[in-house]
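Each of the next two complexes has chain A plus one more chain, namely chain B in the first and chain C in the second.
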Partner chain A sequence: MTPYAYFSLLQGAGVTVALSLLGIVIGVPLGLGLALVRWARIPVLTQVIAAYVSVLRATPLVTLVLLIFFALPSIGIPIDPIPAAILTLALNTSAFNCEIWRAALIDFPKTQLEAAQATGMTSSLAFRRIVFPQIWRTSLPSLVNEMTLLVKVSPAIAVIGVVDITRAAVRIGAETYEPLPPFLAATVLYFVILLVLVRVQRSLESSTARKFGSA
Partner chain B sequence: MTIPTRRTSVAPGKIALAAALCLTALVGIAGWQKTQAASLDEIKKRGYMIVATEDDFKPFEFVQDGKPTGFDNELLAILRKSVPFEVRQEIIPWTGLLAGVSTGKYDMALTAVLITKERSQSLDFTMPIADATHYYVKRKSDDSIKEIKDLNGKILGVQAGSGLLQRVPELEAMLAKTGGKIGKIVEYTSYPEAYQDLAIGRTDFVINTVINLQALVKEKPNVFALGQAVTGPSYPAWAVKKGNTELLALVNDFLAKQRANGTMAELEKKWFGKTFDKLPTSFTPQF
Partner chain C sequence: MNNEFAIVWAHKDRLLFGLANTVGLVVIATALSLVVGALMATALASQSRAVRRPAQWLVDGMRCVPFLLLAYIVYYGLPTVGIRLNNWTAGLTALVIYHSSYIGEILRGAWSNLPRGYIDAAHAVGFHGQVLYRRIILPPIVYAAVPVLGNQVIQIIKDTAFLMIIAVPELTHAASSIQATYYVPFAAFVAAVALYWILCRGVEMVVGVIERRAEARR
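For the complex of A and B:
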């Protein structure tokens, strides 16, 4: 492999990290929002979100990105490859994140909420002070788990012309007729990215443990 | 926001109903395609056309040191100078390419699209840009394959979704003459993987166009050896959405000029190692 080949893989890594991060930054809070609406049993919206989650979890990423990229312009919404890729990743991960947050909310002890109400806390104050710090700790491992999955399914977005790590490796293999070396290098890059993610999780976990005591 | 003190539950039947509605809407959106890609008038009015090329289809189009290159990319550079509007290029994998042309996202597939009967239903093809008669390639060290009849029962590797699978009956007929038949067929998402598996012995031969295989054998003469033709004549061309006749005429005119002034022959020599002097000006596929 030429020095440029390594450089192009690193560029691909930049794209993979940037798009996955954006997907996560949008998808994690969106998932929380969706889970809260379901938790609060807001009529109609609750059913719509349940359907949204069911459909998105069942849609393969390649299908979703092709739909967004080729179908949205057909109904008059032009979209470029990069925004389409970010939207795809965010929508996909938000469905899974919604269920992670919801699991933590379902399991939240209602006695604590009753105690908060008894001391006169408003709903939003109780959420910020009582509910969120606890469901955050419960959900973190599952959320990071979903993030690692998202990074690894992200090569699907290459189908609309976004050059991520895997596509960069394909290009090198196609030029040299030797696909194995670039794919091995790509594997190392994915490994490093996931290692960093897990490190972040560990440090977040230990900092919350210091703050609130171990779970 | 109200915080409920009871667990939320939604009736499963309602979820299923809502999910079904959402799915129907999605499918509806997908099926609702633009009926018309940009016509030549529209292209001239907006000032640009969009062509789609591939990135892993050596020697037609591939990426070298970050720059798209190959036979088609050189033709594209000349096309840009000879039309009165801008030509924008999108580089996307084969999987979504033809879908992009038939939905009108791209005005032309500027890649070697094999002219097939099935594709002719949704696409119009320019005049052929090369000869794509199919050959087989084998491991150089494999002495058991010397001619077509030796392919009897051997494992074949091809790219999934390529026009080639439709031509397999031709090879079947050739083998049947000597009492042989086709062995297992393994499909790959792209050719580089098919070649890799051939090299390590998971398959016994790979079928692709003579051009692609010559380029492969030139690059790896110690690993692969070119065999014989396994199909009748077959040609690749550029493709526009069916019915976009004015754009097709403009591009055909451009290609005819490149053939007449010798540019085409020069590029063929450079990228394919040989020239195609007897290419037809149009081709009606049998398969």
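For the complex of A and C:
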């Protein structure tokens, strides 16, 4: 492999990391929003979200990215590959994150909410001061786990022409007729990304444990 | 829009052919991965480090590799070392290598929760070696792991879609080819999504039935 090949793999790694991060930045709060609507048992919306989560969790990312990239323009919404990729990753991860947040909300002790009400807190204040600071700590390990899963399915965005790590490796293999070295280099890159994610989670967990005591 | 769905309906045989391939791949991959995974679990739980270490490396390695990358390695990489597989077999091989590692780890986890006295009792009545594993250890750990194994099967269903990239004629490939010929992207991919959803719900229902059976056996 030439130095340029390594450089293009690293560029691909930049794309994989940037798009996954954007998907996470949109998908995690979106998942929380969906979980809160279900938690509040708002009629109709609750059923719609349950269906959304059920369908998205069963949809392969390849199929979803093709649907978004080809179907949105056909109903009059033009979309480029990069935004389509971000939207796909965000929608996919939001469904899984919704279930993680919802599990934390269901486990949240009712007595604390009643206590907050008794001291006159509005429900939004109680959420910001009482509920959220606790559920994000219990959800963190599952959220990071879902992020690693997202990185592992992210090569699906290569089908619409986004040059991520996997597609960069395929290109190099096609040019040099030696596919194994770029694929092994790509494996190392994914390994490093996933390792960093897991490490960040560990250090976040231990720092919050030091600050608040273990959850 | 109605027109789009009418076109897809007219070519439902192509979609159903893709669906049949997806189901075939999932069923064969699940069966083989369960067998290989059960063997892998014995390696992961082995007393000997020389057996345990390589198995752990394989499992940890697979957990860090995206499935598509492994499929590429099997499809494009194996021919460079002299092993040539067609797309379908390459896809199936990648599915089995990848998911048997996950299943091996799932079974090892269930095994470590098995009470020590249970295995001691089997030893006492003369079970040992392969028969002990097959008749005494494997049934309860498979039953205990059914919900997690069900999730893994859903993961296998979703991973088959990646195989369209190496031109395996599965469901997403079929939807994609219908959309490319008739330009009906919305209807074609929505139909595919609906079929994937039905498959996954099917797996969830089977898991529910087995769980109730396991409950009744206890």
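Convention: the second predicted complex is superposed on the first by the 215 of 215 C-alpha atoms of A that agree within 3 Å, B and C clash if a C-alpha of one lies under 4 Å from a C-alpha of the other, contacts with A are read in each partner's own complex, and residues count from 1 in each chain.
The rule is simple: contacts are C-beta pairs under 8 Å (C-beta built on N, C-alpha and C of every residue); 3 or more make two chains touch, one makes a residue touch a chain.
All of these numbers come straight from a predicted model, not from anything done at the bench.
**Student:** After aligning the two structures on chain A, examine chain B and chain C and state clash or fit.
**Tutor:** Aligned on chain A, chain C clashes with chain B.
**Student:** Which partner does A:T119 contact after superposing on A: first (chain B), second (chain C), both, neither?
**Tutor:** It touches nothing on chain B or chain C.
**Student:** Could you tell me if A:G173 is touching chain B, chain C, both of them or neither one (first, second, both, neither)?
**Tutor:** both
**Student:** Contacts for A:L36 in the overlay, against chain B (first) and chain C (second): which applies, first, second, both or neither?
**Tutor:** The answer is first: A:L36 touches chain B but not chain C.
**Student:** Applying the document's definition of touch, where does A:Y52 land relative to chain B and chain C: first, second, both, or neither?
**Tutor:** first
**Student:** With the two structures laid over each other on chain A, which partner does A:F191 touch: chain B (first), chain C (second), both, or neither?
**Tutor:** So A:F191 only meets chain C here.
**Student:** Looking at the overlay, does A:P155 come into contact with chain B only (first), chain C only (second), both, or neither?
**Tutor:** The answer is second: A:P155 touches chain C but not chain B.
**Student:** Determine, under the contact definition given at the top, whether A:S74 touches first (chain B), second (chain C), both, or neither.
**Tutor:** both
**Student:** Of the two partners chain B and chain C, which one touches more residues belonging to chain A?
**Tutor:** B
**Student:** With the two complexes overlaid, spot the stretch of chain B among 2-10, 164-172 or 182-190 whose C-alpha atoms clash with chain C.
**Tutor:** 182-190
**Student:** If you lay the two complexes on top of each other, which residues of chain A touch chain B in one and chain C in the other?
**Tutor:** Looking at chain A, the two contact sets intersect at 54-55, 59, 62, 66-67, 70-71, 73-75, 158-159, 170, 173, 178-180.
**Student:** In the complex, go through chain C and note every residue touching chain A.
**Tutor:** Result: residues 1, 64-69, 72-73, 76-77, 80, 154, 157-162, 164-165, 171-172, 175-176, 179, 183, 185-186, 189-190, 192-193, 196-197, 199-201 of chain C touch chain A.
**Student:** In their shared complex, at which residues does chain A touch chain B?
**Tutor:** 2, 4, 7-8, 36, 38-41, 46-48, 50-52, 54-55, 59, 62, 66-67, 69-75, 106, 110, 113-114, 123-124, 126-127, 131, 158-161, 163, 167, 170-171, 173-180
**Student:** Can you list the residues on chain B that touch chain A in the complex?
**Tutor:** Those in contact with chain A are residues 1-8, 10, 14-15, 18-19, 21-23, 26, 29-30, 32-34, 55-58, 62-66, 90-93, 95-96, 99-100, 103-105, 190-193, 195-196, 216, 219-220.
**Student:** Would you mind writing out the residues of chain A in touch with chain C in their complex?
**Tutor:** 54-55, 57-64, 66-67, 70-71, 73-75, 151-156, 158-159, 166, 169-170, 173, 178-180, 183, 186-187, 190-191, 194-195
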